[in-house]
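Below are two complexes that have chain A in common, paired first with chain B and then with chain C.
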Partner chain A sequence: MRRGLGLRSAVLAVLTVLVLLVLAPFALVAINAVKSPEEYATNGPLSLPGGLYLRGITDFWIRVDFGEKLVNSFLIAGSVAVLAVIVSVLNAYALGIGRVPGRSAFLVFFLLANLLPQEALVYPLYYLSKEVGLYNSQLALIIIFTAIQSAFGTYLLSSVYAVFPREMLEAAAVDGAGKVRTLWRIVVPISWPSLSVLFTFFFIWTWNEFFLPLVFLISNDKQTVPVALGVLQGDRLMDATTTSASALLGILPAILFFLIFQRTLSRGIMSGAIK
Partner chain B sequence: MRSHRGYAAFLIPGALLSLLVIVVPLVMNVGISFTRWSGVGTPEWIGLDNYTRLLEDDNFRTSFRNIVFLIVAMAVVPTLVGLVLAAVLFDYVTKQIGPRTASALRSGFYLPQVLPVAVTGIVWGWILHPSFGALNAILTNTGLDALAKNWLGDPAFALYSVMVVMIWFQVGYPVVMFMSGLQRVDPELYEAAAIDGAGWRRRFTSIAIHQIKPEIYVVLVTTTIAALKIFGQIFVLTRGGPGNATLVPAYFAYQNFFEKAQVGYGSAIATVLTLLIVVLSVVFLRIQARDERRDLA
Partner chain C sequence: MFTSRIRAGTIAVLAAASLVLAACGADSDDSAGDGNTLRLWHYEGPNSAMGIAWAEAIKQFEASHPGVKVQFEAKGFEQIRQSANMILNSDQAPDIMEYNKGNASAGLLATQGLLTDLSEEAGKRGWDKIGPSLQTTSRYDDKGIMGDGNWYGVPNYAEYVMVYYNKDLFAKHKVQVPTTLAEFEAAMDAFVKAGVTPLSVGGAEYPAQQILYELALTKADRSFVDSFQLYKGKVDFKGPEFTHAATTFADWVKKGYIAENSAGIKAEDMGVAFTQGKFPMVISGSWWYGRFVAEAKFQWGTFLFPGNTLHPGSGGNLWVVPKNAKNKSLAYDFIDITMKPEIQNLLGNSGGVPVLADPAAITDAKSKELIDNFSKVSSTDGLAFYPDWPAPGYYDVLVAGVQHLINGTKSPEAVLDEIAKPYDDNLASLGK
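For the complex of A and B:
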């Protein structure tokens, strides 16, 4: 009995220490983002802040026009999530339910398209977008990410639609519903949980993207949150407290999405794990 | 069966989009890799010269050597640590302490995964900064000044520092995947093994690992591909430096495209990276298909 209790506390202690180590960088960022530079200089990074000094955060917010960056990120990630879900549904309807000829070749193509390194696409995309006047525009990024994300969505959703109850489709056909109507009135509502998981993934993945937005958005007023924060690193105006303020501003939206979407995400991870 | 007629039309928008954004650029990239081109004017055909140059380029070899280290940090270590953590959380913490503690701990390990890669770079760039970083300040305050280092600026430590950052970032993903996989393991199998006198370790190695093999494959392949593609953290933390101590293929290609205007050479790097990833994915799909067939048989 005593041995069991000892083991129990030992395991719990070790795990707690490990989790605290993983969470320590978040805590360091949070406590130092609300310190004044003087306080940081005298007391160092480990002391708890004496008061809530928000100047570092507000100064940084104003300097990079952080509100504008949030709007840009929302616009791009939101548009991509909606459009990529629509494209995934159309593709998966043809491949999973329609079982069009060449279906497995298409599926392998979409899977590989999603795994490709973006470096293999970036220069031609950069060149072509300049040719058609879409360089340095958010529209170019929305089109590109819709294609990349829907490649994954097609792959995943096709396997969901492959096991879609046939009798429901047949019943709709008997009622005289065409293919468009069946898709809209039967398939989409029934697969809504899968679609909301895809939406969540697409939104967060696009929000977190760095490489292509870095290449495509050169004007400051078009940049997304990760790009605006990323390019400022190493800037001589970035001292310890400003850097932690900027890190905090990057962390907060991500944690907010994580909390909002946690249920959808854990469901999504499960279904992703089985497939 | 008349069923698949008329569905092909639904594929048109997606197929056109993929053609425009993926197929055409990919083919162009391979084409450009056989040329010398600065990005303006006409590309000059030079055959395989870019590829022979790659073989002798020290930066290219270093970038792939560094990737091997990053595969250890992003795929191998997180998978091994993830297996142990998932097993302890699932098999011990859930039963002996409670499912809520287990899922709280799981969320804690997973949290770094939700951050944008650039933000992980910012967080660690500050913590590891030689003059105002938190780590050196902590070491100095506790009298361990001797251990304070220029973590990202010293070629002897930079790659190892990046590896630690990547382990921190990745470890939650296998924990979540493996814990969800373990839920599929039939509890009766475990009980039967326990009655036969199998200890915790035997049960884990002979039952659990076998049952969650699909998850282990998926995690190893996706994290290895992620390591091959790594760009954001390198861009923010070190820009491949100091020297080429943390250079990776993706950043090396970026430099050639947008800093050195050697577009043909950059395309060759990107093509090699793509081939590597495609081969890895195809091998994985084959193994997966073979295993599924065997399980059905």
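For the complex of A and C:
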């Protein structure tokens, strides 16, 4: 009993330290975001702000038209999340339940596509999008990220569907359900928690993408939040307080989204195959 | 079953909505070469000297070109660095943009045929009145090496490395502003004796290598710079210039002028340590000037590195006109406006270093000191560029080399060998 208690408090202590370590950068960003540049220059990055200085945040908002960037990011991340889940479901239905011949080869292929660094994809994607007139358009990014995200989604969902209870599929077939009907009425509702998890991840991953949006969205009015944050990074100088303010603005939406869908996430991870 | 129908419905609605939204996002740009818009990109902050001067230039341009709208977009440095060649190779290229000087940036784009040759305009409009060392970064030969060949860019401002000093700390420790290297070392000795580290140094980034280069320039002349930067002769890394640089630098660490923990300090932290009043001096470039004016709470001033006639520095980033620009003549007009004395003086009075200003028109006292010192440098053609320019990836080589000197993990001779090799390899690959 005593040993259990000791172990427990040790684990608790380690966890507390870990949580503090994870939170420390956020705290640093937050205190520097509300600090005036003079205060930063006089007292350094670790000092506590003397008052609430919100000019950095409002200046940055106005300078990059942050509201527009939020809309752009929501548009791209939302479209990608929805489309990539749909594509993943259709792929995984064929590979996991339909047992298409050569499916493990398919899966390896999808996984490889997911593992390719984006730097290697940039030039081919650039020439392709220029050919079809989609360079500097959000549609190009939506297509690219739908493909990238659904590669992972297909891989994951296929293994979920591979262990899908055969009895239910057979029962549906006996009741006269066709393939499409079985998908929409049986498979999708039962795997709904997994799909919500995928949706949440796709949204946050796409939201945080920097490199491809940087290369593909040329006009400022089409850019996303992470690209807008990059505007502050100069050649030799950085503006630490405004950069902190922008970082705070940049991570808030993703954190909010995560908190809202957090319940779905934990449900999805714990859910079994049969209700 | 009921809930699942709702879910299926939700999916369908979401999918449809996302497609509609996506279609909305795919509208195409309507900026054609109609002579009515000038698409202008730069990446200077709105409160920087360049940002202020160029905003005024846009106003003047629109006033002198009725009916023409300037479509300005503030870009990120990183975006331009990563994707300039892709943008300029497409129909999305702007009419004029700011771009980085140097062989690896403007020089490379010039060899790829993505920039317009500005030689004729530069001669006609008098942009070539800027001094010879400022012109170096404007002209690139057919291999993309700066110094000779056609004009591909026009610098609107300049930059140079100097010593910033905290007047309050100098007064407190009764130290005079030094004018020779010996006096400089004596001044630093006085601070060390009082328990104060004299120099704030960022060894993890560009500042430390610029100090090393300053020390090399102490023993150097123009032909050394031409050899080192423009490959016009052979550079002996064991010659007097670099030997003096490396041994003196190591000596300065030993004497406590440079703190031993400087190897891990970033440029940003170096600057903040100076504005916090922790160090009496920092050796760095004019890009800090505006920031120190705004943020330092003590009396401070600047002086040129004592005893040197050559200093690290160069023309600033360039105005370039992409090959695919649709309104080139408007772009030339705009460059011309930014070179006018009015805009140049505004740039100077806002804390920048103008290239064609009238020194008498600089009224701001703080700016005057900056520009007077620059006049001293440029009147003797004293800009020696930056030590990391001559070879690709040389920046990291120099950071590592100088860190060895700070940490004392390698002797000056070994460090010189280390930095000589990549330089010579690059020469060999250029066929020089």
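We adopt the following convention: the second predicted complex is superposed on the first by the 224 of 275 C-alpha atoms of A that agree within 3 Å, B and C clash if a C-alpha of one lies under 4 Å from a C-alpha of the other, contacts with A are read in each partner's own complex, and residues count from 1 in each chain.
The rule is short, and it goes like this: a residue touches a chain if its C-beta (ideal position, glycine included) is under 8 Å from a C-beta of that chain, and two chains touch if they have at least 3 such contacts.
Small disclaimer: the values here were computed from a predicted structure and weren't measured.
J.: After the chain A overlay, clash or fit between chain B and chain C?
T.: In the superposition, chain B runs into chain C.
J.: Examine A:11 and indicate which partner it touches, taking first as chain B and second as chain C; both and neither are also allowed.
T.: In the superposed model, A:11 contacts chain B only, not chain C.
J.: So in the superposed three-chain picture, is A:113 touching just chain B, just chain C, both, or none of them (first/second/both/neither)?
T.: A:113 sits against chain B, while chain C stays out of touch.
J.: After the superposition on A, what does A:172 contact: first (chain B), second (chain C), both or neither?
T.: So A:172 meets neither chain B nor chain C here.
J.: With both complexes overlaid on chain A, does A:215 touch chain B (first), chain C (second), both or neither?
T.: A:215 sits against chain B and chain C alike.
J.: With both complexes superposed on chain A, which partner does A:63 reach: first (chain B), second (chain C), both or neither?
T.: A:63: touches chain C, not chain B.
J.: What's your read, chain B or chain C touching more residues of chain A?
T.: Counting residues of chain A touched by each partner, the higher count goes to B.
J.: Could you say whether A:187 touches chain B, chain C, both of them, or neither, answering first, second, both or neither?
T.: neither
J.: Who does A:247 touch here: chain B (first), chain C (second), both, or neither?
T.: First partner only, chain B.
J.: What is the contact status of A:142 with respect to chain B (first) and chain C (second): first, second, both, or neither?
T.: Once the two structures are laid over each other on A, A:142 reaches chain C alone.
J.: Does the superposition put A:198 against chain B (first), chain C (second), both, or neither?
T.: neither
J.: Using the superposition on A, tell me which residues of chain A are in contact with chain B and, in the other complex, with chain C.
T.: Residues 40, 44-45, 126, 211, 214-215, 227, 230, 233-234, 239-240 of chain A touch both chain B and chain C.
J.: List the residues on chain A that touch chain C in their complex, please.
T.: Residues in contact with chain C: 37-38, 40-45, 63-64, 72, 75-76, 78-79, 82-83, 86, 126, 130, 133-139, 142, 184-185, 188-189, 192, 211, 214-215, 218-220, 222, 227, 230-240.
J.: Spell out the part of chain A that touches chain B in their complex, as residue ranges.
T.: Interface residues on the chain A side: 8, 11-12, 15-16, 18-19, 22-23, 25-26, 28-29, 32, 40, 44-46, 87-88, 90-91, 93-95, 97-101, 106, 108-113, 115-128, 143-144, 146-148, 150-151, 154, 179, 183, 204, 207-211, 214-215, 225-227, 229-230, 233-234, 239-240, 243-244, 246-247, 250-251, 254-255, 257-258, 262, 266, 269-270, 273-274.
J.: Which stretch or stretches of chain C touch chain A in the complex?
T.: Its residues touching chain A are 1, 3-4, 7-8, 11, 14-15, 18-19, 21-29, 43, 45-46, 73-79, 82-83, 86-87, 90, 92, 100, 206, 267-268, 272-273, 275-276, 285, 287-288, 291, 294-297, 317.
J.: Under the definition above, what is the set of chain B residues touching chain A in their complex?
T.: Spelled out, the residues of chain B in touch with chain A are 3-4, 6-11, 13-15, 17-18, 20-22, 24-26, 28-29, 32, 39, 85, 88-89, 92-93, 96-97, 101, 105, 107-109, 111-112, 114-119, 121-127, 129, 132-134, 137-138, 141, 168, 171-172, 176-177, 180-181, 184, 214-215, 218, 225, 228-229, 231-232, 235-236, 249-250, 253-254, 257-258, 263, 266-267, 269-271, 273-274, 277-278, 281, 285.
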